[in-house]
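Shared between the two complexes below is subunit A, which has subunit B as its partner in the first and subunit C in the second.
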Partner chain A sequence: MDKGVLTFARNNSQVDYIKQAVFLAKRVRKYLDLPTTIATDSIDYLATAYPDYEDIFDQVIELDWTNTHSLKRFYDGSISEKRLEFKNDSRCLAYDISPYDETILLDTDYIISDDTFKHCFLQELDLLLYKDAYDLANFRDYSEFEYVSDTSVDFYWATCVFFRKTKTNKIFFDLIKHIQENWSYYNAVYQINSVTYRNDHAFSVAIHIMNGYQSGNFAGYMPGKLYYTTDRDILLDLQDKRFTFLVEKQHHLGEYLAIKFENYSVHVMNKFSLERIINV
Partner chain B sequence: MSKGILMVAQNSADDYVLQACLCAMSIKATNDISVSILTNDPIPDKYKDLFEHVINIPWTDSAEDENWKVQNRWKAYHVTPYNETIVMDTDMLVLQNIDSWWNFLSNYEMYFTSHVMDYRQNVINDTYYRKAFTSNKLPNVYVGIHYFKKCDFAHDFYGWLELVSNNWNLFYGHYVKENYPKRMSMDVSAAIVTKILDCESQITNAKAAFPTFTHMKPHVQGWQTVTESWQERVGVYLKPNLDLIVGNHKQDGVFHYTENNFVTNKIIKTYEEALCL
Partner chain C sequence: MDERLEKALDFSNYMVTLNNQKRLLAEQFDQDIIYYTRGGQFTVTQELISFCHTLFASDQTVAVLIDDNNIPIEIESLEHFLSEINSIYFEASNKYLNEYSKLKKNRSVEGIIG
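After this line comes the complex of A and B, so read on.
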């Protein structure tokens, strides 16, 4: 059975997702001993910026270049923000394009620092996601990650997804495509009321439907815990698997608390500070 | 051993008999079980066959001058035609076959559920509507669905329930000193009797997943923004196959809708068509 990691990287004017994907692939090789496939709409840039990309990636899958009207606020700490393009509408293709029988689908900004995901391949369930996540700041309201909205369905994270190629998972990913294509409808019916399309929301709605419109066990849980910092925090330093973050202070805009965190993988949402660390 | 479901319905500003008819339709659609009603109000002709027994309220009508008519509910034990009875509130829909509930309940002489669910199938831990229970350390029993066998213990329990119901001010003054209810509550009265008889472990089972019901009071749905009516916050539709969807969640078990305007002509008609009434 072929096993590997798949990641999507589509740059916008200021965030270099390809750079993050390169960083991810190297750490995937180091900690999980797995190959990584990148799906991108910027192969020319990849080849130019990383001449050794064929050594870094197992496969490169070309995505069509599209302009998107989806905009999102990207913070760099609690004060600085930019509104940028957010090209996140390819993730539903993961099943169709993955070259692996068993795939771990990862966001480029997920910093692998342990081998926990190896356990995905040792268990029986064909689809795993995180339902719960742990904010390193530990004070923020995380209710938006409990349900997709106050009255709606359970929230699942699309940040890390394990899937096997099965008929049922094909249906699941086709359903995500359908939800994405009809997002305004599902956005309204599921009372999500979000201006921006989010994969987390589409995956959550699809899981709910696959569960027969109830909570259920269609999707299992990824092994370990999903730790994250939001883009209001800053990744200050990373030495192998030892992170130093500046985490925003509660009620003190622009002030931070330094924290050390090590030996676990972390979803680092502040793309700018991640890029600064990669550049070091 | 005869068994069946009994509802107590007395019309006031709200049409509880109509609610009972709808509830009976939902029972008949999912279960092969006898249903009876305790009422002094007329049953619409087309719904009469839903009930095996229509029982008049015995003795005097203790709720004659009341708007909130719960004063006769203790009489259920004395008039039930069944050896084993499940008593249900009228504002409920039975959405699944509950044969396995009967099997479970047959292990008990009386049974009250002590936990209820929200529409997303989470156990309700919020005590918004249960402050009288928590602050006075009363057993957390729900009368909305409860079960009894004809037996000495249940006879005793209902004897005490009569006493508490008829003298609720006196008993509440002693047992419910904090968060004193504005009116008589059957849940509170049953909790007091449970405490007096020290029988909580005999009539509840905190580990049992069922019997229970989905309790649609708005403040216990796990919402941050709560409205006066839960129907203002989530959509409801009943499919022709009688699947009930609330806030995109398919409901099963017993659904306690709690709001009278939930009973629309459309919902009634859907049940009538499903039952060919």
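After this line comes the complex of A and C, so read on.
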């Protein structure tokens, strides 16, 4: 059975997701010994900026270039922010375009530092996501990641998803497409109250529906734990598996605490600081 | 700034950083004691070790154990499983002790993070 990682990289005017994807692919090869396929709408840029891209990626899948009206605030630490395009509407295609029988779908800003995901392939469930996560800053209100909203369903992270190509998973990903196409309806019914479309929300709603409109075990849990820092924190240094962060200080806007964390993968949401650190 | 307050704030910053790192070391230990086998995920606790010892002491060689995700996993060699979880627990707890000892010795934020 073919196994591999799939990642989506669609640049906006300031965030170079392709650079992150190159970094991801190299670490996936190093720690998981797996190939990575990139789905992107900027193949010309990829080929120009990374002439050796065919050695880095197993396959390159072209996505249609589209402008999006979806805007999101991207923070770079707690006091700097930019409103930028957020092209996140391709993830529902993962099932259709993945060249693998068993796929780990990863965000480009997930910094692989261990081999825990190898265990996905050895277990029996066909769909795995993280439901729980651990904020390395540890003081922030976590409620938005427990439930989609205060009056809604369980929250699942679409950051790391393992799936096998099965008929049921085809139904699941087709359902996500339907939810995305009818987002204003599901946004209202599930009382999400978010202007911006989020894959985490669409996946969570789809899991709720597949479970028979209730909590259940349609989706299993990814192995290990999802560690993350938000875009209010800053990645200061990364040496192999050793991260140094400045995490925002509780009640002190613009002040930070230094922390170090090592040996486990981390979802680094501050794209700007990630791009400053990675060298590919 | 008053020198007394400045020194107190420096110390307070050191304490917060130290406590944060202690929390993260404990978190890393929690990950280090996870054992994956036969498609199951087991957090190796003192309770799991004791339970397996009890089974093994009563001449059981195979067992069905419920993993972290409530999935029943058939353990074909309890002896091997016990040996593996013992190793994982002792390796992880020794690593925890070493890292904790190093952390305690540092008297500055730079020392803790460096």
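Operating definition for what follows: the second predicted complex is superposed on the first by the 278 of 280 C-alpha atoms of A that agree within 3 Å, B and C clash if a C-alpha of one lies under 4 Å from a C-alpha of the other, contacts with A are read in each partner's own complex, and residues count from 1 in each chain.
The criterion applied here is as follows: a residue touches a chain if its C-beta (ideal position, glycine included) is under 8 Å from a C-beta of that chain, and two chains touch if they have at least 3 such contacts.
Quick caveat, the model's predicted, so the values are computed rather than measured.
**Student:** Taking subunit A as the common reference for superposition, should the pair subunit B and subunit C be classed as clashing or as fitting?
**Tutor:** Here the two partners, once superposed via subunit A, fit next to each other without clashing.
**Student:** In the overlay, answer first, second, both or neither for which of subunit B and subunit C A:212 touches.
**Tutor:** A:212 contacts subunit B only, not subunit C.
**Student:** Using centres of C-alpha atoms, tell me the angle at subunit A that subunit B and subunit C span after the overlay, to the nearest 10°.
**Tutor:** About 70 degrees between subunit B and subunit C, seen from subunit A.
**Student:** After the superposition on A, what does A:93 contact: first (subunit B), second (subunit C), both or neither?
**Tutor:** A:93 sits against neither subunit B nor subunit C.
**Student:** A:263 contacts which: subunit B (first), subunit C (second), both, neither?
**Tutor:** second
**Student:** Of subunit B and subunit C, which one touches more of subunit A's residues?
**Tutor:** The partner making contact with more of subunit A's residues is C.
**Student:** Is A:124 touching anything from subunit B or subunit C once the two structures are fitted on A? First, second, both or neither.
**Tutor:** After superposing on A, A:124 lies in contact with subunit C but is clear of subunit B.
**Student:** After the superposition on A, what does A:143 contact: first (subunit B), second (subunit C), both or neither?
**Tutor:** In the superposed model, A:143 contacts subunit B only, not subunit C.
**Student:** Can A:153 be said to touch subunit B (first), subunit C (second), both, or neither?
**Tutor:** After superposition on chain A, A:153 lies in contact with subunit B alone.
**Student:** For A:278, select first, second, both or neither according to whether it touches subunit B, subunit C, the two together, or no partner.
**Tutor:** Touch partners of A:278: none, neither subunit B nor subunit C.
**Student:** Name the contact category of A:84: first (subunit B only), second (subunit C only), both, or neither.
**Tutor:** Neither partner.
**Student:** Would you check which partner chain A:224 touches, where first means subunit B only, second means subunit C only, and both and neither mean what they say?
**Tutor:** A:224 contacts subunit C only, not subunit B.
**Student:** Between subunit B and subunit C, what is the shortest CA distance in the superposition, whole Å?
**Tutor:** Between subunit B and subunit C, the minimum C-alpha distance equals 15 Å.
**Student:** Where on subunit A do the contacts with subunit B and the contacts with subunit C coincide?
**Tutor:** Residues common to the subunit A contacts of subunit C and of subunit B do not exist here, since the sets are disjoint.
**Student:** Write out the stretch or stretches of subunit B touching subunit A in their complex.
**Tutor:** Its residues touching subunit A are 120-121, 221-225, 233-235, 245, 247-250, 252.
**Student:** Help me check something: in the complex, which residues belonging to subunit A touch subunit C?
**Tutor:** Within the complex, subunit A touches subunit C at residues 119, 122-124, 134, 136, 138, 220-221, 223-225, 244, 257-264.
**Student:** Write out the stretch or stretches of subunit A touching subunit B in their complex.
**Tutor:** Checking each residue of subunit A against subunit B gives 143, 147, 150-154, 189-191, 208, 212-215.
**Student:** For a test of understanding, state which residues of subunit C touch subunit A in their complex under the given definition.
**Tutor:** For this pair, the touching residues of subunit C are 13, 16-17, 20-21, 23-24, 27-28, 30-31, 34, 36, 38-41, 69, 71, 109, 112-113.
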